[in-house]
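Next, two complexes with subunit A in common: one pairs it with subunit B, the other with subunit C.
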Partner chain A sequence: MRLLVVDDSNIIRSRIARIALYSELSHLKIVGLARNGREAIDICWRHSPDLVTMDLTMPHMDGIDCIERLIDLDATLNILVISALNDKATAIEALKRGARGFLHKPFTDEQLVEALLEIMR
Partner chain B sequence: MNPVKTSSYLGKYREIVLAVAFFLVFDLAVLGLNFYISFQIAADAVSINLAGRQRMLSQRMTKALLGLQQASSKGLMIDAGLKEVDTTFGLFDATLRSFELGGQVTGGDGKPVMLERVTTTAGHELIRQAKALWEPFKGLLLPLHSGVEYTPQQLDAAVQYAVANNLTLLKLMNNLTTDLEQTAALKADRLRLVQTTGIVLALLNFMFILFKFIRRLRATDRKAEMAQKETTEILDTVKEGLFLLDAEFRFGSQYSASLTSILGNPIIPGSDFRAMLQAMVAPTVYTATIDYINLLFGDRVRENLVQELNPLTAVEVQVPRPHGGVVQRFLTLQFNRVVIDGRISHLLVTVFDVTKQVELEAALVDAKKKVKAEVNILLGLLDVEPATLNYFLNKTEQGLLEINEQLRSVGNTRHDYRQMVAAIFRQIHALKGDAAALGLTMFEELAQQFEATLAVLRDKQELSGDDLISLPLPLDEFFDRIGMVRDLISRLASYHDVLAPEDNPAALSEDLKKLALRIARDHGKEVEVSSNLQLIKQLPSPTREKLKTIAVQLMRNAVVHGIEPVTERIELAKPAAGHISVALKSANEDGDGYDYEFVLRDDGRGLIPRRIRAALVQTARYSQTHLDELSDVQVIMKIFEPGFSTFTKANRDAGHGVGMDVVKEKLQQLGAHLQIVTREDDYTQFSIRFAV
Partner chain C sequence: MAGINETELKVFIDSVTHYFSHLTQESAEVRSAYLNNASIPQLDYTGLISITGQYRGCVYFTTTERCLRKLLRSMRESDLREENLLDAVGEIANTIAGNARRHFGNTLLISVPQTMRGAVDKIGVVVRARPYSIMLSWAGHDAVVIVDIELDS
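And now, the complex of A and B:
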């Protein structure tokens, strides 16, 4: 399984990558760490990930638009939205565009692992 | 949910399926046997028929031979006779041979039929005997065969043989017929037995299937009834609202009894959930909920990963009351997929009334805020000079003990109650003024709440002893707070050297200034305070305290009632900030017996008799006629009456009608002389001259 991490925060990107590398998700191969929607689409073209963690609020292209573009590229893509957004309607919109689940920031290592396992199930 | 497996489905009905299968196989077997035996019987019928024909042929042959002999002796035509002998001979011979070996012969209708060979022992013997008679007869008849010349002797020999043996041959053929009939009868009996047995077995099988089916049906019905009963009991008992929702947003047919009361709406199975939801929540929440439910009915999102996006979590709703109106509640509607055979058939909706939980959380937040505020207040105590604070606490405690004593020893007439309430009001108001002057907000607010309680009692037409029951509670609250502050003081090292109160003119000036600024801020005004209170150090302690109380009340009144709001002052061409001066001067030189003069002057709107008259009319204590008879000075002096205020609505700083009552009381205690000088829209000055 190939994982793409999309978040404009260096700390969050590094943390998700660290958890993916050193947990029971170690079978995941991280194919990219994108800072915004544009970079995410570029990496998807080149590496065809199976799994994406997606922030919603990002510069250049936000998560909602990015999810729609990624699903256009690959309808089977598993996208987990990870956001601190308190606006439920926006998060639901992300799911309508094709994301499969939502994880609220801040999150624990266990919560992330559990959510990614649930997405892959 | 586990998918239903086909194997288990067959297993459930295995016995019935096997019984039906056995029934079919058995019926087919009986049918096959019936076919076989009926063919056999048909063949036997042919044999019996042909055996009977042999009897007839043996007699026809004899008759034909006799006829031929008679015709020959008379010289008549013999062709017909010869043909009859030839026909009967051929048929008899071929048939007898077929009875022995089996084969095709000409039937009664002239068509060829298959004749089974005789299989019984008796039959074989009869044929053997018949052949023993037939073979010689056959040899005698051969010359008579059509187209063959014969002699009268040959004819006579044949006739003679026929006459001698035809009865024996007839008897043998008769016996053969009887044997064949018996064989056919045996087969018919066997067929009946098979059919009877088959029908009996089929009936037994049918009974078995029927019994099994009915028993299983009963068991299934019993289980269904039990499940239905349990479901009903659960739905009647469960506290949460439960119902099923289909993809078209329709209510299911079953729901818990509590659902109706929680939602405050009758539930109609099959009705649209959206209509009810729309009436209960805000449009944004409604839209988000519909989207959320549609997502759950789709198969893309993971149920466990979208729970926290449920828009109906602790959502505030307006629930209709049974007898009209609405009540505000907080509800959580939890949605869970119901999957049958891998398909999402419904959502199970669980409705929780979380009103108490939400209120508790809110109370917890408030409590935290309150604790934080109280901590800040306590920390604010550090800004107060320790000696002043200690003195305040002592004085307050003493005052509260006096109030407590008054409550215990009050007389039992309405007049006593009313006087006592007025006295407590004055004490608490004075206490509030002191607290405000020191910036002790905590005590100021407590006094404010106490005053609100007292105001209710004061304004009651009839006052009884029971009404006083509410007073010890705020008293206890005061004592608790005093204890808490004392405890804090004892813990703070900086308060170790707390001593008896000392005179501190700078502190009093500062306290008065802080009070004025705080009140001005609260009332949207601006104010400046100048003070000269150096001489206060010379006053004996009781006098000093009374003067402080007077100063605080007059300062409060000056800011609240005297100083105008900024806009009003600007319109009057006054400086935006009002000015209040306070001073304590020596008054010895006047020779009037007073030692000191305390002066508080503000540049506000002045004491305006017409406003005071209007306020007095509002209190309903004086008629307009009576007030018209009073001079402006007399009207102004009414401000010292208990309960008088120009404010129609009480707040923290004014409107209680107590402040000037306190001043009056202190002035009397001091034996002081008061002079008020005022001019509308210009100033008000209070001059208090007293001796020590």
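And now, the complex of A and C:
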């Protein structure tokens, strides 16, 4: 399975990639690290990921808009939102747009692995 | 500033203490939280979030370089260049402000973080007089959260 990581924070992108590489998710192939929604769409066109981790608060194109655009491209895409925005309305909106799960920041390594395994089932 | 009450201030205290205890399993100790009538503190690195929507103002997190280096190491991040220290302080500010939406709801809109190194004059322009200051220690390192928000009338 191909994984795309979308977050405007370099340390969060690196951390998610590191956790994926050195955990029971090591079978995932990381096809891109995107800093915003625009880069995410570009990478999706070129690499067709199966799985995406998506931040919400980002410059240029935020995560909510990006989820909708990515689902338009591929309705089967598994998107896990990873965001500090922990109000219920935002989580519901993300799920309505097509995300499969929502993980709040800050998160532990174990929580990320569990959340990704859950949405891949 | 009469923008937020004690309960709402506690939302930010809980948010910052949760950040450190959850991510690093090492608790942060809140030394004091008070209405600050003196100079606005700025340590080595600062991440600032602008607040709009039903509220206005800003939230910022400021700490020392050593604190950020220790935090990044605890996340097994080996690249400790300045770019990542700025990134880390911005991400902490973003998480503290974003987590506060559990209480304030989605009408509290938060910006992407602006990050700064050292004391920057701009802070004095952005932060109004008498914000709340939350002074804390984590792993022996000092940090401060400044909360300056009020309902937008």
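Note that the second predicted complex is superposed on the first by the 121 of 121 C-alpha atoms of A that agree within 3 Å, B and C clash if a C-alpha of one lies under 4 Å from a C-alpha of the other, contacts with A are read in each partner's own complex, and residues count from 1 in each chain.
Keep in mind that, in the parts below, a residue touches a chain if its C-beta (ideal position, glycine included) is under 8 Å from a C-beta of that chain, and two chains touch if they have at least 3 such contacts.
Computed from a predicted model, the values in this text were never measured in an experiment.
Superposition of the two complexes onto subunit A shows subunit B and subunit C fitting side by side, with no clash. Applying the stated contact rule after C-alpha superposition, one finds that A:Ser14 touches subunit C and leaves subunit B untouched.
In the superposition on chain A, contact of A:Lys96 is made with subunit B only, not with subunit C. In the superposed model, subunit B and subunit C sit 80 degrees apart as seen from the Cα centre of subunit A, a figure rounded to the nearest 10. When both complexes are overlaid on chain A, the residue A:Val113 reaches neither subunit B nor subunit C. When both complexes are overlaid on chain A, the residue A:Leu80 reaches subunit B alone and has no touch with subunit C. Once both structures are fitted on chain A, no C-alpha atom of subunit B lies closer than 7 Å to one of subunit C.
Subunit A residues in contact with subunit B (one complex) as well as with subunit C (other complex) are 89, 104. By the touch rule above, subunit A contacts subunit B in their complex via residues 80, 88-89, 91-93, 95-96, 98-104, 115, 118-119, 121.
Chain contact summary for the complex, subunit A toward subunit C: residues 8-12, 14-15, 18, 57-59, 83-87, 89-90, 104-108. Chain contact summary for the complex, subunit C toward subunit A: residues 18-19, 22-23, 72, 75-77, 79, 83-84, 87-88, 90-91, 94-99, 101-102, 104-106, 110-112.
Across the complex, subunit A is touched by residues 284, 287-288, 291-292, 295, 300-302, 304-306, 308-311 of subunit B.
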